[in-house]
Amino acid sequence: MTLTNGYEQSDREEQLHILNLPSLEAAAKKIIPTGGFGYIYGGAEDEWTLKANTQAFNHVQIVPRALANIDHPDLSTEIFGLHLDTPVMMAPAAAQGLAHAKGEVDTAKGVAAVGGLMAQSTYSSTSIADTAAAGDGAPQFFQLYMSKDWTFNASLLDEAKRAGVKAIILTVDATVDGYREEDIVNNFQFPIPMANLEKFANGDGKGQGIGEIYAAAAQKISPDDVRRIADYTDLPVIVKGIQSPADALRAIGAGAAGIYVSNHGGRQLNGGPASFDVLADIAKAVNHQVPIIFDSGVRRGSHVFKALAAGADLVALARPVIYGLALGGAQGVQSVFEALDHELAITMQLAGTKTIEDVKHAPLTHFRYDD
Amino acid sequence: MTLTNGYEQSDREEQLHILNLPSLEAAAKKIIPTGGFGYIYGGAEDEWTLKANTQAFNHVQIVPRALANIDHPDLSTEIFGLHLDTPVMMAPAAAQGLAHAKGEVDTAKGVAAVGGLMAQSTYSSTSIADTAAAGDGAPQFFQLYMSKDWTFNASLLDEAKRAGVKAIILTVDATVDGYREEDIVNNFQFPIPMANLEKFANGDGKGQGIGEIYAAAAQKISPDDVRRIADYTDLPVIVKGIQSPADALRAIGAGAAGIYVSNHGGRQLNGGPASFDVLADIAKAVNHQVPIIFDSGVRRGSHVFKALAAGADLVALARPVIYGLALGGAQGVQSVFEALDHELAITMQLAGTKTIEDVKHAPLTHFRYDD
Amino acid sequence: MTLTNGYEQSDREEQLHILNLPSLEAAAKKIIPTGGFGYIYGGAEDEWTLKANTQAFNHVQIVPRALANIDHPDLSTEIFGLHLDTPVMMAPAAAQGLAHAKGEVDTAKGVAAVGGLMAQSTYSSTSIADTAAAGDGAPQFFQLYMSKDWTFNASLLDEAKRAGVKAIILTVDATVDGYREEDIVNNFQFPIPMANLEKFANGDGKGQGIGEIYAAAAQKISPDDVRRIADYTDLPVIVKGIQSPADALRAIGAGAAGIYVSNHGGRQLNGGPASFDVLADIAKAVNHQVPIIFDSGVRRGSHVFKALAAGADLVALARPVIYGLALGGAQGVQSVFEALDHELAITMQLAGTKTIEDVKHAPLTHFRYDD
Amino acid sequence: MTLTNGYEQSDREEQLHILNLPSLEAAAKKIIPTGGFGYIYGGAEDEWTLKANTQAFNHVQIVPRALANIDHPDLSTEIFGLHLDTPVMMAPAAAQGLAHAKGEVDTAKGVAAVGGLMAQSTYSSTSIADTAAAGDGAPQFFQLYMSKDWTFNASLLDEAKRAGVKAIILTVDATVDGYREEDIVNNFQFPIPMANLEKFANGDGKGQGIGEIYAAAAQKISPDDVRRIADYTDLPVIVKGIQSPADALRAIGAGAAGIYVSNHGGRQLNGGPASFDVLADIAKAVNHQVPIIFDSGVRRGSHVFKALAAGADLVALARPVIYGLALGGAQGVQSVFEALDHELAITMQLAGTKTIEDVKHAPLTHFRYDD
């Protein structure tokens, strides 16, 4: 255990035996301090959207293909010119130092170990360069919370580019902080600095609540911002936080090289739909013009399968990975992805799908369950 | 604590730190005497409609608009020629002296403090003039429970007009008292007089049950009554308790200047639909001929947003405000509206809507949640 | 308390203060011996249909009519040439001696006191003549469980006719006893004789289980039986246990003078629909050729209203009445009907319906509740 | 109690008084060791499909036919040229020695005693010949988990043919073991050898987990395998694990003489539909070209009725039978089938269906239950 500014950070480094991802929550709750855990765990307002995110996967069912004559399903996939060993990626998530002393550095190591894709958050506990270096050549994306101050944005983008990230994820669903009651109950303030703020901003985030952090961020984000970032970085810009076909098309029109369907894990707007419920319609509208990343509510191999079958090209998640980080550091992160990949591989084999491409073409069905 | 006729009234005056409106119920239950609390809290019969009122907001979801290029949402609105700082108003609610020694006077102060609209009830604990004076120039409406005795009605309407109210709300869904089991269990009788009865009627309500109070009220209410009140007062008459498009049109035909969609918070007819479920169809039928006020079940910023997006021009609520009144007097009332406005502002920003007019044009969607 | 063959029968005679009918169950459970209570209470198999019966009333909602200009709703109705003060009747129910020493005699008195209609069961604890006499001129029907032995049937029908019953209810949904687990768990055997068996059959039912009782009854019932009974008695024959439009029409074709929509309170076939769910379609098919009686699941005034609005001409119930019988004898029965009529009257007034005919023409609506 | 390799096997032989099949689970849990019980009981992943299997029967309702003029329903049926006294058969289930020392031998006896059909599993605890002999002339099928080693397959098929089985069931939904958490939690390894492995394979299964067992099985199963087995055995081949109309038709095209609609009791692919939900569509597509067997979730007489009415020709189940085996050996198995047949007979009589053929033509209906 590492004590940082009075905050007890886990420093475990060990492989985990994971029964399933949902079970990690209770285990992690025991070792992450209350405020940090509440920040990671909580959703907005009455958390209807948070809960709906995971329940929504039960709205459709996998139609298995029998006699498919396949074995050894292959989880690898290509996206944005990158080869990945798994279609499950690490979503950008802030302040992973809340869960572990090594923070995003360990996450990046764990993700790299499974051949996955890591996304860094603007509000990372560790620096862009350190996190990138930890990835040891594995691909990473950088997620931008636009600041009102373009100089700050430019500095981050420069640094990210220097660090070799392959794409920029522009988050557009967080122009103000969601009404997260956990943080209010805990009167939560970040006990640990955020590396990018420390380096490029006036304050480092320490001692601030998420509301204060977001206050420095841009509340007004327009299609022009997508193009500005694309032009500035010459990197693909993926717009994160899309929940409707119309917005997906608008983002593409503004130069988005990818669409990231997400409701921020139910942490921002409450009362919007479950992210999975909107995925199929968005995918239909996007019609393969650009790749689609999906997150919010993914906890099971069958969820990953359903998201891919509903139109996603990559599937992201964060909370369970951060719990794994707390419980086992880089090895814990690796264990989480391996557990999910294991469930996915079984689902693929039993559904009669050998490749991720097969999964993307697999049929889903819908029966009414109203008893 | 103030002891009135043996009934313990709160006399707290303090700002509240409100996590959310639903949490006020348990807190208020501790300080409002059982009978009074039961009267405020209870619904009719098996309370299906009461419960459905709040659940119904989950039947539709907000479609957020990303890249909307907005900040600082503006909650102000215009209605009946009045400027209001918030689209959330105080619903007319009887006997607020049950919750606080100052009763409606404190409610009016709290509402005025947030630039909102106050509606007085016929069965108020405080007088029309006192409540109006407490509003200190802020707009108020007066709600009429028609009596069988037109002289009584005329006296009230005269008094309300003298007090400067801007409109009359004619309640039509309470021609007999709903079957409220809480009141029966508690053998509830009003321990405190009702100011308007005290002044203009034979009895003052004290020591009577709600059934006895309503017995003096008109059971037969017809479209002619709408016109009679409009003619008598020369004020806009808003018909409260509409639950179908047909009735909305009939009320307008009878001279209604506004439609108030409500099922009396599930306190009158049980087995009718959730009020939110009927709102959109009524709004479509009304088609902007007159403004629409909506209440029943509103507890969250996302509920207010959905009601506005479904066709309401103003959104009202009562129980949580009365709980806030018990817990903090005028300041408590103010805190309740501020808390709800805060949630609404976040919802508006995250949904990409800058003005109340934007919210009224925001799309809603519907996904099946049947697991 | 009366001890009959070792079975403790209530002999209470008192008016009840009834909060609502569902609350009677727990009270009655305390004074009815386990076996008797289980027989009254239980449903078939996993009781899905039993539970669905009451829940189904929530599938539709009452559309209140505002500004209806009515007061003092009138619950009286005419059916089969009879004037009744309430549209709620006593369903035929066996062995009411399980609940009270006076059995059906007290039930008949209580029903007569509210101006209602009493239906006697073949398996009554008291004799046709005694029960009829107790009704003191109020109308009664006689329900027939056809025996394999026509002489038995004829004797009963003769006796019923002599006693002045106005119609015969032929039960067709009980050609074998439903799989009621309560009776199995309690190893239930009737502790008290059945008056009609005592008089006309070989055994009196005492010491037999319901399976043995039913074994003497006809398992094969055909349309010819309807006509045979009608011809024999020259009384209207009402076919009880109809659950589909096709069967309703077939029964009418066979000479039925009335259709009784019922699934025997979920005591016979489990896995069939809730009785209320099939009512509207049956009423549409019957199209007023003959009157419709409805039972199964009715507990609230709003349920009675919905059943009438969905097509019933009379609404019946049994369990809550039998609980009232146990708790207060004839006065208890009267209290149950008065409580339900009170709720119905409130519902009628608030829905804007003055007469039962108005209720029958009142609109119902359906909203999806899927959260 | 018999101790085998340290595993405590029941050796009870007694008739059971069964209230209902679901109640057997708790009773059996007390006498089957934890690991064995978990293996029998558990489903895959989050067990959504497992739970949905039984709930799905509530999605449709039986439309009873009144005045049907029938009695004494006849449960006998003909299929594959066999006469059976009940349409309920024993599903192939592995390792019944986990429940009872006599294993499949006792199951076969119990099934024969009710005139039913027994299916042997490849992974039986007892040998094909012993199990067949125990059936004493009653018909049996043999279920094949194809091995990667055709010699093994051929040996089993030869042995099965010698033993006189009437058909081969080829399981195609288990090309890898489902993710069953119970087995992981219990670190379950088979404590008892599997007779067919003992005789024909290198290892006998003892000390192995289900994953290791399946590892020797074929992961690639194609339509050609259906024909190969049919050609080799000259017996009807029934393809088990079909969940879509397309697969049913493909299997028939490959020579399947029967379709077995099953999701392996929710033990293999999780996230697929409830088996009952897909049955009607498959039956429509198959259109009586070949018979259909159905399993997964059957626990009640009404379930059997609904499955037959939805298109099944035979209905299978396993878990409750294995619980009965543990609790009472051959007599316990017999009791389970008798209890289910008893419920089915009541359902048939009350639904107005005299024969299994009548049941297959009985209408089902669907009402929305969304409260």
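Structure notes:
First chain written, first letter: the chains are A, B, C and D, and each begins at residue 1.
To be clear about the criterion, contacts are C-beta pairs under 8 Å (C-beta built on N, C-alpha and C of every residue); 3 or more make two chains touch, one makes a residue touch a chain.
Not measured: the values here are computed from a predicted model.
Because subunit B and subunit C share one sequence, their contact can be compared position by position; here under half of the interface residue numbers appear on both sides. Put simply, the chain farthest from subunit D by mean CA position is B. Taking each chain's centre as the mean of its C-alpha atoms, subunit A lies 42 Å from subunit B.
Residue positions 58, 368-370 of subunit C are each in touch with at least two other chains. Taken in their complex, subunit D has these residues touching subunit A: 45-46, 48-49, 52, 55-56, 58-59, 172-179, 181, 184-185, 219-223, 225-226, 239, 241-244, 246-247, 250-251, 254, 268-274, 277-278, 368-370.
Partner subunit D is touched in their complex by these residues of subunit A: 19-20, 22, 57-58, 61-72, 300-303, 305-306, 342-343, 346-347, 349-351, 363, 365, 367-371.
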